Amino acid sequence: METTRPHTSPPPSRWERVRAWLAWPLFWPLLTLALLLLGNGLLNPGFLSLQWRDGHLYGNLVDIANRAAPLALVSLGMTLVIAIRGLDISVGAVLAISATAAAWTIGPQQGDGLVPLFLAIAAALAIGALCGLWNGVLVATVGMQPIVATLILMVAGRGIAQLLSGGQVLTIYYPPYAFLGKGFLLGVPFSLFVVACAFVSLQGLLRRTALGLFVRSIGHNPLAAHVAGVRARAITIAAYVTCALTASVAGLLVSSNVSSADANNAGLLLELDAILAVALGGTALGGGRFHLAGSLVGALIIQTLTTTIYAVGVPPQVNMVVKALLVFAVMLLQSPEFRAWVRTLTAFHGRERQS
Amino acid sequence: DRQADRITVGFSQVGAESEWRTANTASVRAALEAPGFNLKFSDAQQKQENQIKALRSFIAQRVDVIAFSPVVESGWETVLREAKAARIPVVLTDRAVKVSDDSLYATFIGSDFVEEGRKAARWLLQDSEGKPGPMRVVELQGTVGSAPAIDRMKGFHEIIDADPRFRIVRSQSGDFTRAKGKEVMEAFLKAEDGKIDVLFAHNDDMAIGAIQAIEEAGLKPGQDIRIVSIDGVRGAFEAMKAGKLNATVECNPLFGPRLAELVRDVHAGKPVPKRVVVEEGVFVASQAAAELPKRKY
Amino acid sequence: MVGAGGILYDGFLSPQVFLNLLVDNAFLCIVAVGMTFVILSGGIDLSVGAVVAFSTVLLAQLVQRHGWHPLVAIALVLALGAGFGALMGVLIRRFRLQPFVVTLAGMFMARGLATLISVDSIDIDHPFMTSVAYLRIPVGGGNTLSVGAVIALLAVAAGALLAATTRFGRTVYAIGGNETAARLMGLPVDAAAIKVYALSGFCAALAGVVYTFYMLSGYSQHAAGLELDAIAAVVIGGTLLSGGSGYVAGTLAGVLVLGVIQTLISFDGELSSWWTRIAIGALLLVFCLLQQLFWRKR
Amino acid sequence: MPSTSPVVLEARGLGKRFGATKALDRVDLVLRPGEVHALMGQNGAGKSTLIKLLTGVERPDQGELRIDGRPIAPESPLQAQRAGISTVYQEVNLCPNLSVAENLYAGRYPRRRLLGTIDWALVRRGARELLRQLHLDIDVDAPLGSFPVAIQQMVAIARALGVSARVLILDEPTSSLDESEVRELFRILAQLRERGMAILFVTHFLDQVYAVSDRITVLRNGRLVGEYVAAELPQPALVSAMVGREVRLAEPVEAAGPARADVPLVLDAQGLGLRGKLHPTDLQIHRGEMLGLGGLLGSGRTELARLLFGLDRAKQGRLRIESEEVALHHPADAVRLGLAMCPEERKTEGIVADLSVRENIVLALQARLGWQRFLSRAKQDELARRLIEALDIKAADIETPVGLLSGGNQQKVVLARWLATDPKLLILDEPTRGIDIAAKQNLMAEVVRRAREGMAVLFISAEVEELARLCDRIAVMRGRGKAGELPGGCGEPRVLAMIAGD
């Protein structure tokens, strides 16, 4: 049995650098995204093109980023909740409630002043924070399992939203509101700024303060963190509140984008997509290790998958199968065990051919 | 006492998945909460299982008449037999069901989805008279597998496929929602590089979403791309009034009063037609301004 | 809760209403039994609802459109369900993929395949199928159970035995408690974990068969969101989502709780659509708080 | 003893590398039937790694294994078990959610003949039987996790004894046991030796080594130092073999003597109690005082410590910290008041295995500072480096996840975490568990030094000798209440007598 690796021919420094790249947590998610986009570009030459139209960027890439914005936001919040060993399946409902609350606050008035805009944003955020608090208290104080605790709001939340909307799709006839979800700033969708803002502030909070350390210690070993004096309960509640807040901002974006709030359909199945995005981004669903940036990439991957399906012209009955196959492919690509397995397979074939 | 004279009706609604449905619920409730009726309402949250449970509970509560809007067409045989065994007449609303034995239900009141698809197509043919082909059509389907999506597609294709000028270049599901309709239309516009002549949407909501996508792509909905959709909700009339939607095929949810009559007749044992089709029209942009104030939903 | 229902609504306390809980939730019960094992082992299976739908469609297609004998078709469906679960299990264990993601993709896959087989719903009128569907087994006092409910009860019993008295069952608990320790104790961890997903797939397929009898139709949109109901039933039944602790019998209780909530709702006859949702949420909350109280006391 | 006696298990040239650390480098080991073989070495010497290679938990990079002369390459613990090796790993590696009986029988359940189902009655009876051998009388149906580590360790040993194996490997089985339990264990080991079993045994207690072992293999930094016959290797020689240089065990540190009455109290508990766990108890600790807490297993020492630290909430009594009356609801409250506690259960309550050494060390200090006052990376590094050096923690670097350290080094990290907070009162619950002799002295010297500087210490230890030597005052617990107090330097026999209750 030889153990010494022949690191003679390539200078170790370069090899080390490649290894460092491979070990970077974002490497595989980003590679996946790049491959998906590239594949699209090959299938459909216009896919990657960007144009300047009416004073802003126009193209599939812009659409993907813009469409992924709500999901990306929610994935950020979900990452936090998952990092502390939780789960929040009520995000879709919270999104719907916030969207409806915003639309309801604006009401039928059609002025151009900015007051209703800020009122709407405040209403959405307030109700979002309230929802998060509710989830957080049920989990951290009452001690329910996260999935049931948030299931309650998931079920009841849409009911509350519909109660607010009276079961109607609330159309918003108020121009300033549209800016949030479909406006452009410096030629780039405004929603991207919102996502960037959320990402930077969360990342800052977790990196520049001790919160990141606390979150990871709670995720990895809640009991040890408790003994070490970390206020696990408060942080848990804060994580649920943050998650709900991201969902309510996402609600603002979604409702603004289509100028209406649909209590029943807005954010439907969002929780699954968000958790998927978090997982694709390299965060362990068991808690502890987390990557905010990875979750953003995960959200982009999911949206790219969806847009790919639309752009390629897959018949709708086949959508699901294609999506499933793509998700399987993406996961396997990211699995070190799978790559090792492929390597041994190819090595085996290589040896066979030689002999 | 008076309670005894009343007809107890168990009504099971699909859910509250759209404005159309909400209007439908409101109409039915208004009609069946009138004196003379005692309504038991149950919402199935879009699940057939729940609806079957609701029907079972109506049977257990021995209501006089059961009315329901089936979530799906099939799978009702068992519970309808139970109703029949309990001698409770059943009135279907909105959608028909497939059962081996017609006597399992008394009557059906509602729309004909296939016919709605045909109407949309006929309007398109009429509007395209004299226009040269080829015309590139895109279709926004409803939720995959849902009865209205399947039937509206069937009806539309039946007519359109016969005319060689039309070519359906893209067809994708928009889940009956504005957001999805917009998202899919965005992708269509880019994939076809804007070369789309007609949009057929299985419901108004998707059309309203798509209109936004078309505008954001710098095109004029209603002119560059002609749009026809189904349902006739208020939003569609607003869009038509603004010239952004060309036509909508009405799918009338306000059959509550008619349902109440049928229930009364069925309960009294009077003969009723096996199928009552609700009165529905096609509205075009020019009628919108006049029609809009009259819309109730 | 049940008592309150009895006071509030006429006919609520009749025995048949309770039997109907079983009749109407038989498929959920079977799925939840499989799910219990998955959750006990510390995993999760989101594909079950889709596998139920796939099974109904395949069964209906084979029986109605290809003229297979139902029993042969049922055998095939069950085998496919178990195989599908095992495949996901292999992906999860062999390549260390997260169960949530694999089974979510599995859910897309199963529903997608169901849609591919048939977009619209297929009615079944095969005499064997209809006669089984209408068969009612008397349980005394003029009350009856359906075949599906009996299968569900058998599934619960089999599941409870499997969990409590077999090597496989105990290995599942051990994995959920501490996987490394289970491995060091020399337990066949990987094999058991794969079997768990195969079992869940099998249960889902069985539930699909029961569902087909219940509805006498196959449809790709059947059992939407069933996975969540199953998970909720398992967790409400006292099983820890992180694995290692819980009972199959508890799962039956969880299913019944969900059933009672649904029945309460459908007996009410007053609630509008949105109040229905809010009421379901509130009832869930009440049940969970009661359970919490009960646990704390112990 | 003739070295030509037959060999059961033979390892030749075993090597294992983890990334940059070479955990084992061409190590040989020979186990013979009817012999107890001690495996000795400092923390991180590679003892546990060697055991993992023998039992298929890890695969060696090089070298070979033979059983009865036949080469084997166990790929999993299961295969090793089949080859006749029964093992107790260093950390208790059983399932906390399963009952004690199940943990004893998992993987080898007796089945009912008819149905092939598990015969639970037999399992229970067998479990009680097995535990009785170790004089342990506990409820075998209770989940294992509900017992303290000591009991769990006994169960792990009982499980290994229950397997009819040819080789028994025990990695620090006695680390959390009391003397009486150790005696039971040794009695059984002697019986097994008589029956011809080969036993490999790891411990850091030198007297235990000489009490049972026939041979000693010493490892140092992953290398084999040599194999010795126990009777021919005097204790100082063993120590130098382990440490690698001539060592005279440093002059043992001793107690400073009783605190003068004018020294202020740091902690003053009056009638502190919790129904069912602890009878109302009084306790005072002065500044700069080392207070020892003695007692038998289950006497309530840990419970008292938990109450003092806010891990459990006291239902009776009052607690003053520096003459301020406080109510501790949460360890965070205690930490804020300047208390620190090194818990008994390292794995579950101590380390956060997936976080790095640095993060584990700063965790408590950071929790005390609050989330806004974030220690800069440079400060964290400096702190971690300083403590790693002070406590001689062996880690590849400060970013290594703590879970990858050897057991003893993990324990040191937990201690480092609390020393980093510079507490007013440090509660140590069995802090030297699993730490090698040289390091233990080093560590206690550090604690005593801090005590001289004014830190109060509550020191819980099962080693009465240590208590008697180090503490200024000793409180003794018995039957979940305080039995009495003794002045420091009163000698081991008096402490033992009070613990025993005569």
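Should a chain be cited, it is by its letter among A, B, C and D, assigned in written order, with residues numbered from 1 in that chain.
The criterion applied here is as follows: a contact is a pair of C-beta atoms (placed from the backbone, for glycine too) under 8 Å apart; a residue touches a chain by one contact, two chains touch by 3 or more.
Quick caveat, the model's predicted, so the values are computed rather than measured.
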Message: A-B versus A-C: which interface comes out with more C-beta contact pairs?
response: A-C
- line: Here the gap between chain A and chain B, centre to centre from mean Cα coordinates and rounded to Å, is 34
- prompt: With chain centres defined as C-alpha means, what is the inter-centre distance between chain A and chain C in Å?
  reply: 29
Statement: chain A to chain D, mean C-alpha position gap in Å, rounds to 43
Residues of chain A whose C-beta touches two or more other chains: 162, 167, 317, 319
Message: Touching at least two other chains at once: which residues of chain C meet that condition?
response: 115, 119, 273-274, 276-277
Message: Could you pull out the residues of chain B that touch at least 2 other chains?
response: 15-16, 22, 25, 144
Task: Mind listing each pair of touching chains for me?
output: A-B, A-C, A-D, B-C, C-D
Message: So in the complex, the part of chain C that touches chain D is made up of which residues?
response: 161, 165-167, 170-171, 173-174, 176-178, 180-188, 244-245
Query: If you look only at chain A, which of its residues touch chain B in the complex?
result: 44, 46-47, 53-54, 58-60, 63, 67, 162, 166-169, 171, 182, 254, 257-260, 262, 264-266, 306-307, 310-311, 313-317, 319
Complex contact set, residues of chain A against chain D: 1, 3, 208-211, 213-214, 216-217, 220-221, 223-231, 288-289
- request: Spell out the part of chain C that touches chain A in their complex, as residue ranges.
  value: 46, 91, 94-98, 100-102, 104-109, 111-113, 115-116, 119, 228, 231-232, 235-236, 240-242, 273-282, 284-285, 288-289, 292
Query: In their complex, what parts of chain D are in touch with chain C?
result: 57, 76-78, 80-81, 87, 89, 93-98, 102-103, 106-107, 109, 115-118, 120, 159
